[in-house]
Every structure is written in structure tokens, then in C-alpha cells.
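Chain naming follows the written order as A, B, C and D, and within any one chain the residues start at number 1.
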Amino acid sequence: MNGERGTINIRVKFFAAPREALGTNEVTVSLPAGATVDELLKLLTERYPALRPYTRFLSVAVNRAYAGMHAELHDGDEVACLPPVGGG
Amino acid sequence: MNGERGTINIRVKFFAAPREALGTNEVTVSLPAGATVDELLKLLTERYPALRPYTRFLSVAVNRAYAGMHAELHDGDEVACLPPVGGG
Amino acid sequence: MEMFEVTTEPLSVEEVVARLTEPAIGAVVTFVGTVRGETDGRAVRYLEYEAYPEMAEETLRQIGAEIRSRWPDVRRVAIVHRVGRLEIGAVAVVIAISAAHRAPLFDALRYGIDRLKEIVPIWKKEVWADGGAEWVEEGSGAREAV
Amino acid sequence: MEMFEVTTEPLSVEEVVARLTEPAIGAVVTFVGTVRGETDGRAVRYLEYEAYPEMAEETLRQIGAEIRSRWPDVRRVAIVHRVGRLEIGAVAVVIAISAAHRAPLFDALRYGIDRLKEIVPIWKKEVWADGGAEWVEEGSGAREAV
């Protein structure tokens, strides 16, 4: 914590309905270092309004593990926006 | 019930351990009409002493359905002496 | 297609599941009983299964009817039991049960194999690797069930 | 042999059961999820399954670990899920669980499919016979689970 806040790059993956709504299955976004999942989702819904109907149902995985809204992100993380699953 | 008690013939089938002990899988025995399963088993153990160790564990089927010890037998019935089953 | 059968032929899980096929089905569960290589620490060489075939098929059919009566959402039941000499790893029995949705299937499956071991006239003789053989008598409490 | 897998290939129940093979096994149960021809009275033409494959395999592996931890007598677990376009009657998922004796298998099987539907990142889109299509959202309560 030297007071410098750099920028981190996060790969974001989309699936199922939100993927179709966005027309893409992956984007890369830049965030200030120390940003949380919550802040990432806010940024995404601002930048991609088509995502809005889905956000309240989304779970999030960071590097392929479910993560809470307050989890801190790190440069190079792979974040997945997961609508309610329906396998089986 | 005309007072005449004829004779009935019963086919008796054996399986598994008692079949091996008797060395046969089927015998035919004659009994007085109106005889019950119980009476058949008594006759069998008298005639085939090798059956004795098994009788207290045997269930009996008459014409391929489980039957009680007091079930009455009829000419031509197929009786099966069933040791405890062990399928699966 | 026979749904309840005693056979000397090798069993295929796939083939028994296929007997249930219909478009309304969303879930199938199966129980597959196989020949274990040891019982109570004693190495088994093979098993010899014997059946009273006509009554065995009759009681299998009865178990199917019991299942459908207890779990009305069950659609189809198939039970096939193999008899004769079965080597280690061979499939001795396949029970397959289908429904539109999965809810009733797990209890129905447990019931199916429990009842089979209770009422179906089939016996097995264990032939051990060290010589000797014995008819398994689960009903007499002599041996733990599969 | 992979025990936890997401694949575009057709599934064989037999082949998944074979992944569990070992002489100590006496019982195997399977859950087979198939594509139903209708949901809520509406005719389905086919389903399109999509996965986040790396995480899906990771969560399948986690379910296997959870099962073995809750039911220590369970020996092996294999779960294979198919993705891509699946026609009516096709097998979408096979869960197979083995043990020396049958007791733990039924609850373990129910747990396995319940957990799969809860945490594994796989989605399905129903494409209806009358045109139109919809992503199934079981988690949102919009649709009854298989």
C-alpha cells in the first residue's frame, strides 16, 4: 500500500442469455487496482446497458471459483458472469 | 365335500443348498386331498432326511406365489421350497 | 420389449435403460449390482446364480407394480437379473426406473433393490479362490448384503 | 481415466459406469438426465447446452469430493455432462457412483444431481417446435427442474 493505485486488466466472460444480449462472450476491462467484483459489475452495466436485465440474477466466479460481491480483483483475473445455472 | 378323500399329486421343486443336499431339483409326491403346505413339508422331511437342516429356513411358493403353511394344496399344484433368497 | 427378465446372457446397462425410452422421460436412475472380488476378506473366484425363473420374473413384475403404485410419477420400470456363472466384475442385476422429473426416483430405486433381495427367488453360491463354496443366505443374517 | 468431464460427444451410460470398474465394487447407481420432448405442455424441438467448461469440470470434481466426504463408504464418482445441440431423448448427463455395498448410494446420487443443478455452470436453451426459444432459469423459479 504505497499510495499508488495502478490499473488492472480483467477478462470478463459471459454465458447464455446475457452473452446473447451482449453479442459477445468475452470483454477485457480496465479498473483501478483494488476494485471489487461489485465495482466491476457497476462498470459493466454502465458500459453495456443490455446487461441490465440480468445483473440482479448473476453470480460471479473469479478464476473459476464462485466469489462474493466484495472480493477484490487482481490484474489478469478471469471473471465470469453466471446467470442461474440449468444443467442436468 | 362328499366325504371321499382322494389322492392329489404335487410337483415339488428345490433350489440352491437344499437342491444340492437332495441331489435333485424336482420330485412328485402324493398326498391325501385337502393336505396343506405344512403336511407336505412334514412328509418331505420324513422321506428326505437330507432336507432337515433347511426346513426351518424354507419359504414355500404354490404355483409361483408365496403361500402360508396352512394353504391347502390341490392336484397338480407346483410347490417350490425356497431357501432365503440372495439375488442382486 | 420385456421389462422384467431373468437371463443367462451378459447384461448391458445401456440396453436396459433403452427399454424405458419414450419422449416424456427426463430422468432415469439405475442400480447395477456387480460381482465383488471378495466377501468378508475372503477372495471370491466366481459366483453361481440360480433362479426359479418363472416365479422370479413374476416377482420382478410385482416389484415394478409396487413401485408404480407407491410413486405414481414413476413412468417405467425395468429389472433384468442374470443367472449362471458370473465372473468378478460381471453385472448381476440392472434396475432402471424413469420419470419426467427426478424427485421420486431415488427412493423408488432403493425400494426396488431392497424388495428384489427380499422376495425374488434367486440364490447365489460363492466359489472361493482358496477352494470351497457356499450358498449366500442373506435372509439368515449370515452375510452382509451388497 | 477422467472422472469429471464436459464433452460435446454423445454419452454412453455403459462407458461412464466402466470408469468406476474395480474388483472391490459391488454396487453402482447412475442418474441419467435425458432431453424431454415437452416442458410445461410445450413441444420442444431440441436443446442447446452451453458450459463454462473449465469451471464446470472443476465444480463436478468438487461435487465428487463432497460426496466422498459425506459418504465415506462411497468408492468412486464419475460425472459427465454433454453440451451443444441435443435432440429429444439424448442423454445430457450421467452420474455414476460406486461402493462395496449399496447403502450410501441412493442419498449420494440424489445429492449429486441436486448439487449439479445448483452449482455447475451449465445452461440450456429450449428451442420449441412452434418457433421461439428460451434459456431455462431454474434458479429463478421460472421452471420446474427435471
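The criterion applied here is as follows: contacts are C-beta pairs under 8 Å (C-beta built on N, C-alpha and C of every residue); 3 or more make two chains touch, one makes a residue touch a chain.
For clarity, every value in this text was computed on a predicted model and none was experimentally measured.
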Topological distance between chain A and chain D, in contact steps: 1
Separation of mean Cα positions, chain C and chain B [Å, integer]: 27
Approximate Å spacing (C-alpha centroids) for the pair chain A, chain B: 75
Whole-Å separation of chain centres (CA-atom averages), chain A against chain C: 49
Per-residue overlap in chain D, given as positions that touch at least 2 other chains: 33, 113, 145-146
Pairs of chains in contact (touch as defined earlier), listed by label: A-D, B-C, C-D
Residue ranges of chain C in contact with chain B within the complex: 33, 49-52, 54-56, 58, 81, 92-93, 113, 116-125, 135-140, 145-146
Complex interface listing, chain D residues touching chain C: 12-14, 17, 21, 23-38, 88-89, 100-102, 105-107, 109-110, 113, 144-146
Touch list for chain B against partner chain C, complex: 13, 15-17, 19-20, 57, 61, 64-66, 80, 82-88
